[in-house]
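What follows is chain A paired twice: with chain B in the first complex and chain C in the second.
Let's look at the complex of A and B:
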């Protein structure tokens, strides 16, 4: 992949279409709309083929022409290309012909899909000359920025709400990141982080680097298509916080079909949320094209964004593709986590429980037809949210070091099973 | 890249005159506030310049994208007043703190 050529053309406002240079900037000067990277697809067509992709290393950068870096990426050379698991046992339980799990619970190095977006943001930050990176996060993003910055030799600042559980902070502190706890309500913390991002000359991954950062999520969609044997899945179920991942997986399907890497078959994009924070799914179910902000109250902390920045665009994607959305309660989330673990041996965090729970509902209601094929995006690891399931996974049974006691235990179990 | 400027104890400037700033916000109004002339009230109550960049109003929500320019204490007071009215005030990026 000795390709030093940039395939990016410009940053472009999603609202008015005004174009901007490829700098660390994220908002249109006119209407404050978000900026997005646009590419030179003609040039990409000449460089990116199934054969060229298959000849490259198995990580997210094998689709480098469609990712926003100008030269060779410097961060994330081990990230991505997670397994796509054919989930026959779960398919049977959910009542669908064919089911696949895209398993980013084991993404490298911090066990969530955020390593994809962070790899892109940091690679681009290095290209633009930054030496300090930052983010505001309550979990996965903080872990990923801290780890990837450490490996790349960049200085990292991580802003968190001061009342965040200590366990979640260790996963950032261990990498030597500067972790700053901000006291106050979520809204105040949020506004201050935006201010800090605007004031210091840092690469704030989800603020001034956001146009690049968000593109990293496309790699999950590129991999799904390649791993399915170069085709677009009929149905994809995606967890939504800001809604960015959902819009970018859709974009990945559009790009591969535009480039002729897959045939342009119909696909439906479905969004999953927790009932305790469902601004997007509530709007989708009511047929609205805007959402109403909510105050989150759910065990799915990684999806707890009450005012989703890409909510409007997610609703549009679901509408355009004929997809649906639903949400699940905390109990259904726990049940989803257990179902995935027991059927497929995959332990997902609460966001995964949301995705499985919502897929179950969409299949049961026929919104995903039983004779179809679906992919579920599992985006984070269960070891990060042990608290959520600690009381719902059963208990160990204890015996003294005596064979007789063990046999007695098996006998009572046998009897209980027969009863 | 520029890093945080070093503050010296003698730099009186840091404590003196408040700085001018431009703050870009999304305001989301609940239905009962939609008909109130909030932006006009801002300019009556606070020494800030308001500059609307986008707006959309339905029966269920009013969304206004606004730039506030003025001295930092005035901008902060304006935001506090808006929040007190039950209007959700988000930075232009909306959700900066993510998981």
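Let's look at the complex of A and C:
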């Protein structure tokens, strides 16, 4: 690996192209457009090959040249390279020839894809000299910042909506982070954090560190392509909160294609939302290239962002690739969770239920053709959102430790099945 | 009592590093005009070529996004707090 060599050139405004130094800054001074890392692809081409990647450890840093750190990563060295599961039973149920599950429900260390972005953001924060890190979060990001900061010896402040799932709150507190519950929804937490970030000298992973943070999501797409045998999937279904993951998986396909690591085959990017927070999917279905903010009301709290920062770019990616979008109700989300669990033995959080539910709709409507192949991105673990499914997964049946009672129970069930 | 506008970091070069600026306008549009007359150049940072609020600029009156109110026509009254904030990624 090219040690201690940076492949980053600058930060650049996605709107007007104005360039900035590689500091902790995220917004163009001229039009508020988001800043993005620019790489030296010529230098990367000489360093990143299939062979060099395959020779490295199985984690997200095997694609290090395409991730925005100057030296070796210091936080989250073990993150990523989660399993890509061939989901034959779910494929049959949904009516598609071939289906894959990219399973970040078991990402290391906090069981969501957020470990990817946090690993990058905190490694870069350390490079830039920060000792306190922070985030605004719907839960998973808070868990990951808290855990990775603890492991790196950094001080952490995480800001979350006060009504988050119990599991996600405990999963931040246990690492000793300062957890601040805000009485409001995520967009309000975000607004407060934007104001806090301007005031204190902290590395806010999704505010002033956002250009670096967001790039971490590309690693999910790099892995998908490598694990499919160095090819781009025909269809990828991705859950959308801010829309950042969707745009970055698309970018990962563009980059591998540009570097000649995969053939430039056609791909379609599809976005999934909950009906209770569907600003992007509603706009996509109406053929609009802008979205109207909404006030979220859904059990998919990790996707409950009513003013999605990358909504505009997500719409553009779906349009350019010929992809589609849809949204599902709370009941359909629970059904999606159960379907994935019963067919594949994977317990996803509510966002996973959204992805499975939307994939089902897109396949049923022919927007993803039955003869094609698709990848579903599962981004978080069901153990964190038990509250959402507690009343819809059935109940244990209790008996005394008696063989007769057990046989009685089976007989009753057989009778019920025949009836 | 006038209206307070909180100026975000990327715009403070234009406001001589003032974090909070007082205006007396009756609407958001009027407030932006007033800012422009005092800090020339600030309007084009906030508004696009058609005069609408730029795609990545969020404006809040007393913590409510003006897109849920009346956008640039949103009325202002004494004591209101206006925040101008860039869009943020999340999760």
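Throughout what follows, the second predicted complex is superposed on the first by the 401 of 419 C-alpha atoms of A that agree within 3 Å, B and C clash if a C-alpha of one lies under 4 Å from a C-alpha of the other, contacts with A are read in each partner's own complex, and residues count from 1 in each chain.
Just so we're on the same page, a contact is a pair of C-beta atoms (placed from the backbone, for glycine too) under 8 Å apart; a residue touches a chain by one contact, two chains touch by 3 or more.
Here the structure is a predicted model, which means the values were calculated and not measured.
With both structures placed on the common chain, the touch criterion links A:59 to neither chain B nor chain C. Of the two partner chains, chain C is the only one touched by A:213; chain B is not. Within the superposed three-chain model, A:172 lies out of touch with both chain B and chain C [touch as defined at top]. Of the two partner chains placed by superposition, chain B and chain C are both touched by A:307. In the superposed model, A:191 makes contact with both chain B and chain C. When the two complexes are laid over each other on chain A, chain A has residues 15, 26-27, 30-33, 136-138, 140-141, 186-187, 190-191, 193-195, 206-207, 210, 241-242, 290, 292-293, 302, 305, 307-309 in contact with both chain B and chain C. Chain A contributes residues 15, 26-27, 30-33, 129-132, 136-141, 159, 161, 186-187, 189-191, 193-195, 197, 200-202, 206-207, 210, 241-242, 288, 290, 292-293, 301-305, 307-309 to its touches with chain B in the complex.
By the touch rule above, chain C contacts chain A in their complex via residues 6, 8-11, 13, 44-46, 54-58, 60, 63, 65, 67-68, 83, 85-91. The part of chain B that touches chain A in the complex is made up of residues 1-4, 23-24, 28, 53-54, 56, 58, 60-61, 63, 65, 67, 79, 83, 88-99.
Partner chain C is touched in their complex by these residues of chain A: 15, 26-34, 114, 136-138, 140-141, 186-188, 190-191, 193-195, 198, 206-207, 210, 213-214, 241-242, 244, 290, 292-293, 295, 302, 305, 307-310, 312.
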